[in-house]
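Input: structures, listed below.
There are two complexes below, and they share chain A, which is joined by chain B in the first and by chain C in the second.
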Partner chain A sequence: MKAVFTFSLMTLRMLFRRRTLWGILLVILLALAGIASVPSFDVSNQGRFILDFGLFGIEVGALLLALGLAANLYPRDRETGTLMPLIAVPLSRWQYLLGRFFGAALVQAAALIVTCLGLMLILLFHRLPIPGDLLPATLLIIVEGWFLLSTVFFFSFFASPPLNWPLTTMLFIVSQMSVSEFVSAMPSAPGLMRAVRLLLPHADVFHIKDPIAHGFEIEPVYFLIAVFYGLCYSAFMLSLALAVFRGRDLK
Partner chain B sequence: MRMCTLFISLVLLAFVGCRTDYDIADIAPTEHLESAEHHGHDHDHEHVDGETGDEHSVDEHVEDSHAGHAHSSGNRNHGTQWFFNQPWAAPFIWGKLFRDALIFLGLAAGIFLITGRRRKR
Partner chain C sequence: MADVHPLQVMELSKRFPRKRGLGSVQAVSSISFDVRQGEIVGFIGHNGAGKTTTIKCILGLLKASEGKISLWGSAPADSDVRKRIGYIPESPDYDDSFTPMEYLSMFASMRGLSGKDTDWMKLLKRTGLARWETTRIRQFSKGMKQRMSLAVALQSNPDLLIMDEPTGGLDPIARKEFRDIIIEENKRGTSVFLSSHILSDVETICNRAVILAGGKLVAEGSLKELLGGEKLYRITVISRRTGEEVEEIMPEADLQSRIDSLRKDNLPIVKVEMALKSLEDVFLSATGGEEQ
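Moving on to the complex of A and B:
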């Protein structure tokens, strides 16, 4: 695991040097500021609006970060010829994948925490209360971001970056659908559609912006289950990515 | 071999998925659904438009009463069932989430071991 740790730190440093990260972070923060600057027209509960749309903005930011950070990691390593020396001696393929994933996951988590702090500052600026569950809600979005990151890695082993973006975005959209909505897309085969839906994640597990915006308390055990679910799904996607990667002939 | 692994994974998931993936509304206990729709009260609120008495049928009265009032803080309002049919508000589905997570974890471990053994050969 020492090799994975060292390689993830290398990945982390490399990603922090890239302008993509800072560009996406700036876009998310500007979007949050834009949401907060929508005039309330004296409508009560402006805080709910800012919280609800702000957390949605952070969630979309997690998708953008996953794609911006990881979509071209493997293709670039292969193009520049750094992949072969890496997996020839110091790293096995699973160590390469985990090192890249952990490095990108740490960078993504740090960026999402910054956006959460930005949302807090906006709430403070508007003299609105900061809900206690805002940080746990961001934690769930971070876990959702890790699932998206593992999906991006999975697609990156057989799809080019321009194709990776729409594929991951499509999965992100489909994972928001309920089982009945998904089955209604092909009502003639409900069993098959339910099975396929089980393969896809239930992204609504990570959504707690509604209760936070309306002042409901979330039970701590739910956070644990949701985080566990997200981590297990990420592990599943990573294992699929590894299966594809291990089958690749890199010569 | 890779395709074989994926095929086995799909069959395993299909086996459990055909019967066990569902929406919260499909399996919610009656009290969970009723608490959003009926609240256990008898619709004796004071309605602005509910004073017309005989001119309205019972159904119209119920419909009007659902749309025209808000409950006090802490009680559910009509038409908010979607809000409470989310995973955070449905403890009866948390076990399913945990089970799904274990399935994914098991599949991940299985795929990792199977594809790793092939490489060693």
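Moving on to the complex of A and C:
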């Protein structure tokens, strides 16, 4: 595991040195500032408005970070020839995949925590209370971000980066849909649609922004189940990615 | 216990599916050779002969369609044998935001090596990169990246060095330095498998050569065997078109028929002499002189 750890650190340092991360982070923070500057019709609802849209902004930020950080990692390694000396000698394919994933996941988590701090600052600036569940909500978005990251990794082994963006975004949108919304897309085959929806990820489990915005308490059990689900689905997507990667000839 | 060679390739074949999914392209066809302990083996072939494909199969980057590869008697995927290998790829590249020193430290950690920064500095000095110790790799030329790949390959004091066109982007002085390092490593006991089409390099440092053409092994043996096995003759004739002297080199077996055909065509033969064979002659003769 030492090789995976070192390679994760190497990936982390590399991603911190790239402009992509800072560009996406700036876009998310500007979007949050933009949300906070939109006047609310009802002053008493301003906190709820900022929290609701702020957390939504951070969630979209998680998607952008996953794509911006990881869609080009493997294709770039292959294209430039960086992959060959790594895979030929010190690393096996699973070590390469996990090293790249953990490095990107840490960078993504750090960036999402910064956006959460940005949202807190905005709330403080508007003299609004910071809900206690804001941090758990951000943690769930981080787990959702890791799931999206693993999806980006999976697609990156057979799709080019321009194709990876729409594929992951589509999966992100579908994963937000409820079963009834999904079935209504093809009402003639409800059984099939239900089965397909069951297999597809359920990112709606990560959404606790509405309860937080409305001041409801989140059960710790729900929180733990959501984290467990997210980690399991990420592991599943990474296993699929590894299966594709293992079958690849590195010409 | 029977001798276990550092590298044994047995009946290796590699086919790639065609892009449109119809049939396949045979890149390497049933080749067998070995690299014995302490040898420097040259792997020669024209562009597209299958050299890089063979090397990638040896390293497990490509899956062999048929045949077997063994490194000290184990499969290439075995992590213990991989630790004993140093590899220099054809077009090496590294994460370009790092400096050579950072890269060597991280590579060492990934390989579980216990060296310190002072060891890596010595290695950078040996490969001519000491001056660029703190320069980001993105500013490196192709030649400097090749020096970097040599440093990475030598880092673990490998028992087998596998090199794919290592001197391609280097100037003559750097090539000489590269060759000297290979010889030093070989004296230390490292076996070397050197793919190159710079035949003078192979002729200078290799004990044996394996010649590949069109994915098939066309000649193999010690340089002594290859260079001295068959008598070659050089015929000098006056070209009818340009009026200048033109030389042809051919094996003894073809000499008489060629002289007869030149006489028949009334081409003046200036001289016929025995030619000293170079590796280039052997290569051209073995491969038919054309890219296949």
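The rule is simple: the second predicted complex is superposed on the first by the 248 of 251 C-alpha atoms of A that agree within 3 Å, B and C clash if a C-alpha of one lies under 4 Å from a C-alpha of the other, contacts with A are read in each partner's own complex, and residues count from 1 in each chain.
Please note the rule applied: a contact is a pair of C-beta atoms (placed from the backbone, for glycine too) under 8 Å apart; a residue touches a chain by one contact, two chains touch by 3 or more.
Because the structure is a prediction, the values reported are computed rather than measured.
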First (chain B), second (chain C), both or neither touched by A:167: neither
When the two structures are overlaid on chain A, which partner does A:177 contact: first (chain B), second (chain C), both, or neither? neither
Which partner chains sit in contact with A:228 here, chain B, chain C, both or neither? Use first/second/both/neither. first
One more residue to check, A:6. First (chain B), second (chain C), both or neither? second
Using the superposition on chain A described above, determine whether A:27 touches chain B (first), chain C (second), both, or neither. neither
Counting touched residues of chain A, say whether chain B or chain C comes out ahead. B
In the overlay, answer first, second, both or neither for which of chain B and chain C A:211 touches. first
Starting from the residues of chain A touching chain B, keep only those that also touch chain C in the other complex, and list them. none
Listed in rising order, chain A residues that touch chain C in their complex are 2-3, 6-7, 9-10, 13-14, 17-18, 80-82, 84-85, 87-92, 249-251
With touch defined as at the start, can you tell me which chain C residues reach chain A in the complex? 16, 56, 59-63, 77, 79, 82-83, 85-87, 89, 91-95, 97-98, 106-107, 109-112, 149, 152
Over in the complex, which chain B residues touch chain A? Could you list them? 1-2, 5-6, 9-10, 13-14, 16-23, 25-26, 83, 86-89, 91, 94, 97-98, 100-102, 104-105, 107-109, 111-112, 115-116, 118-119
Please name which positions on chain A make contact with chain B in the complex. 93-94, 178-180, 191-192, 194-199, 202, 204-205, 207-208, 210-211, 214, 216, 218-219, 221-222, 225-226, 228-229, 231-233, 235-236, 238-240, 242-244, 246-247
